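The following pair of complexes shares a single chain, chain A, combined with chain B in the former and chain C in the latter.
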Partner chain A sequence: MSKRNTITKEIIYMGIAAAVIFSLRWTVPLIGGYPELATRILIFGILVLGLDILVGLTGYLSFGHAAFWGVGAYVCGYILLHLTQNVFVAMAIGIAVVTLIAFLLGVITLRRHGIYFAILTLAFAEMFYYLALAPLQTWTGGDNGLTGIRRPELFGTELHGFSMYIFVCIWTLLALYVARRIKNSPYGLMLRAIKSNETRLAYTGVNVFNYKVMAFVISGFFGGVAGTLFAAYETYVPTESLHWTFSGEIVIMSVIGGFGTLVGPMIGAGIVLYLENVLSAMTEQWHLILGIIFMSFVIFLPGGVMSLPDKLRKLFGSKRDEATGTVKQQAGD
Partner chain B sequence: MAVNNAELTVEEGRAHSIIGPNGAGKSTFLNMIIGSLTPDNGTVTFNGQSLLGLNPHEINQRGIVRVFQSPAIYPEMTVIDNVTVATLAKRDGTFKFNFLELPARRRAAVAAAEEALTEVEMIDKWDEEAKNLSYGNKRRLELAMCLAQKPKLLLLDEPTAGMSQGDTAATIELLQKLGKRGDMTKVIIEHDMHVVFTLAEHITVLHQGGVIADGSPEDIKNSATVQEAYLGGMDE
Partner chain C sequence: MSFSQFALQLITGLQISAIYVLVALGLTLIFGTLGVANFAHGALYVIGAYLGLVISSQIGWAWAIIVVPIVLFTLGILFDRGLLQFFYKRPVTDQILVTFGLAIIVQELARTIFGGTTRPFPPPQWARIPVELPFGLGFYPPWRLIIIAVTVVVVILLFILLRYTKFGLMVRAGMRDPEMVRYLGIDATRLFTLVVGIGSMLAGIAGIMNGPAQSIDPSSGMVLLVPAFLVVVIGGMGSLVGAVIAGLIMGLASSFSVVFAPQIAQIIIYLVAVAVLIFRPRGLFGVEGIG
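Up next, the complex of A and B:
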């Protein structure tokens, strides 16, 4: 494919993504949602993008992303509450703290694989949860969460409602663009090789551990961006932000969307948040219904929503082959 | 003790085969060269430098590349991507954080991958998923991945294991073609004596962890010690 074709394709792709992202505030109400739901979907979209780089590309399932989200939210929220309303300062410090934590956690947890790695990440996330609940409660608000956060300001203007939505849209588009650049880079190719055959890659001259740690750091960075945006948007940080069940929820979003596709988990986040909104208005048992929907995806569509076109192609392709076979047989009779 | 008092010297540019009955210590020997195992005593030297204590990826960067007993490839990736990983590893070293590099900047690495695929006659399958390849083609792919790194020393661990007669003949032909390059040393562990005597210029025989014979294929064929170790003697 020529260089010009590749650039054109990318521009078209990002153009479509921008159109979908920036119009979400008006399209979500058309299907029974509310405008602010669009902002939440986009913020979660950034979080699941980060998870997909670690799980979908590199093949390391983490149950600790609540730690990145929660720490980012608490640090940003605390700064907005006590130090400054400058959104860039609050976000930059929050993201920097999360990135450092991601590096330290990555170096420790990535010495293990598979279930042991997953359990280690879960354990660290739980550690942060209990730290926020008790020892650090004067800073975090304990089980009340961090309340009364002041609205963030951008160049002297308060961000809320529509202005906050546009701010989040820009971050989402930037996050998607960077995630795609990572996936298509030589670094992204190495991550896919780690997922496919880590041992072979080591014998090909690659320091696999360093690549995995940086994937964890990038993933944490995205989580930090999402968490800080959440605090700025919500002006409240619940303690549940750090609970391991929150980590499980974003894994569910990614499975429904389709691991490894980047945009799939973002769609999954939209589906889960939309269903939570709609179902919770209909019945108190919405968790049960959401669970059944998740199980259905795992059983019937394990590749998520993004694998649907391929499945349909195979389904209709095989039916066409059967019909052709019948016609040929009749012609031969 | 899998290997005991075994000494092996390999001449640059030659095809050297290590043979021996099951349990002789061949794979253990190979694993000590490649860095998977650390010897309790002794040295492993390559071009005058010790390899002891180095990680597998560091040993690879010194120019030593391994072909595994079962073809070790990246099944979910395309053939061209499989080999491009190898050429990028050669280009970028053990680690490079080029997470924003555009695809256009790796044209040279992709071209080198295409060259390696052409050498093993698999360029027509460049966009196939590696997991869909036949066993013989998976071996060819793995050879392309190794050749793409322009190794100084190629270690082949039973390259024809589990292959049909046709695939074995094709692999021998390919390895013979590679053998004409004087710039690459090959160490081949094999059970198939036809492969050994077709490819090897020098043979070392291991038995119960030690070297019992070392010499030209003719010397080994005629060695009574070797024939005794291989119950009932060897037939070519």
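Up next, the complex of A and C:
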């Protein structure tokens, strides 16, 4: 494939993505949502995109992304509340703090693999939850969360409603572009090599640990962007944003969408938030339904929605495609 | 700090430790033999607690004490046969996800049946009157003492089972090298199933014991799961002795920090975990090379 051809493809891809992202505010209400739900979906989309860079590429399942999201939201919210309403300043500081935390957490937790890593990220994220709850409650508002955050400003105009939506759209598009660049770069290839066989990669002389920490920090950076955006959009930070079940929730979104595909987790976030909106109005057992949906995916469709076309092709189509579907599965081992 | 104050904190700490140890032992047993990190372990604890609440209030405490461990053992076996066995060969992330999914479903079912609020769970009549402790320590609710005693007995029984029986020998062999156990012609599947049953029973005992000491709500299993996992990791995953020692450390740390450093009481176990992992990533009694 020639280079020009690749660029054209990339432009078409990003063009379609932009069209979907920028029209979400009008398409979501068509199926029973409300306009602000679109903004919410996009912010969560950035978060799961970051999670996918870590989990989808390196295979390290993190149960601690609530820490990135929550810390970002708290710092950004605190700055908006007390220091300045400049959205860039608030976000920049929030993201910087999150990135630093991601680095420290990464250095501690990435010393272990698989199960240990999942448990350790979970535990340390939980530490931030308890920190916000009691020792730091003068700043975080303790149990009530951070309330009364002032609306952010961008060049003198207040961001809310439509302007907030456009602001988030731009960030989402940027995040998707960067994530795709990372995935398709030689660096992304390294990360995927970690997933398929870490020991083999180490034997070739690569400093695997550095690559893992870097992936973790990038993932945290995305989480920081999403978290700070959330505080600016919601003007309220609930304590639950730091709880480990929140980390679980975004893992659920990603699984439903399909880890390792970048767009998949974003679609998963859209599906879960949309269903939450529709179903929680009808029934109190929304979380039970979500749990059942999630388990069905893990058992019957581990590749998520994104693997559905492949599966269907395998079921009804010709035999020639059969080889492609199974490769992904084994890589996860 | 006076002697009596110290002694009371010690007892409180030991009670917290006892619950950590019961839950962590099951987790580490299941991990050691099956290699599965059971995120649904907190759910088993919650089932034990609610089942204990229902049986003790409807029929009586004596029945609850007999029935809950048996039911949980059976549930554990069904859990392994009905779900876990299909995930032995799947990637570890899938095992985590499927048990996590089950944990959510159990938690939400409990919420649907019993409501989301905390339910008082009175201890048996005979364990409500505070008893006088020796050495002039004053009065203390006996239920907490009973929790400690029961845990000590359970742990001793478990160690006897694993150390001095043929079954225990096979389990320990399975924890060392599951592949080899299969080659020797031992029915590893049956072994695994029984281990899950025992682990679930321990979680159930923890549930029925700890329910009256604290209170229960549907999410208490998820809340307990995090420190229990930390205990397992700090002790060294798959190490039974490690789970007991780490459980003691964590329980005492959280109890004494309430007196000495109340600001960090909530996060002390995480700080301990950070300290241990920086200097000894494999955990206190962990085997080198695993993970």
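Assume the second predicted complex is superposed on the first by the 317 of 333 C-alpha atoms of A that agree within 3 Å, B and C clash if a C-alpha of one lies under 4 Å from a C-alpha of the other, contacts with A are read in each partner's own complex, and residues count from 1 in each chain.
Basically, contacts are C-beta pairs under 8 Å (C-beta built on N, C-alpha and C of every residue); 3 or more make two chains touch, one makes a residue touch a chain.
Everything numeric in this text was worked out from a predicted model, so none of it was measured.
Partners chain B and chain C fit side by side in the overlay (superposition on chain A). By the touch criterion defined above, A:A281 lies against neither chain B nor chain C after alignment on the C-alpha atoms of chain A.
After overlaying the two complexes on the shared chain, residue contacts for A:R200 are found with chain B alone; chain C is out of touch.
Judged by the touch definition given at the top, the superposed model places A:I218 against chain B, while chain C stays out of reach.
In the superposed model, A:G291 lies in contact with chain C only, and not with chain B. Within the superposed three-chain model, A:A118 lies in touch with chain C and out of touch with chain B [touch as defined at top]. For chain A, the partner with contacts to more residues, out of chain B and chain C, is C.
By the touch criterion defined above, A:L189 lies against chain B but remains apart from chain C after alignment on the C-alpha atoms of chain A.
When both complexes are overlaid on chain A, the residue A:I31 reaches neither chain B nor chain C. Note on the superposed arrangement: chain B and chain C approach each other to a least C-alpha distance of 12 Å. The residues of chain A lying in touch with chain C in their complex are 55, 59, 61, 63, 108, 111-116, 118-120, 122-124, 126-127, 130-131, 133-135, 244-245, 248, 251-252, 255, 284-285, 287-288, 290-292, 294-295, 298-299, 302, 332-333.
By the touch rule above, chain C contacts chain A in their complex via residues 31, 37, 86, 90-94, 96-98, 100-102, 104-105, 107-109, 111-112, 219, 222, 226, 229-230, 232-233, 237, 263-264, 266-267, 270-271, 273-274, 277-278, 281, 291. On the chain B side of its complex with chain A, the touching residues are 34, 55-57, 60-61, 65-66, 68, 72-77, 81, 84-86, 88-90, 92-104, 106, 109, 145, 149.
Touching chain B in their complex are the following residues of chain A: 3, 6, 178, 181-182, 184-190, 192-193, 195-197, 199-208, 210-211, 214, 218.
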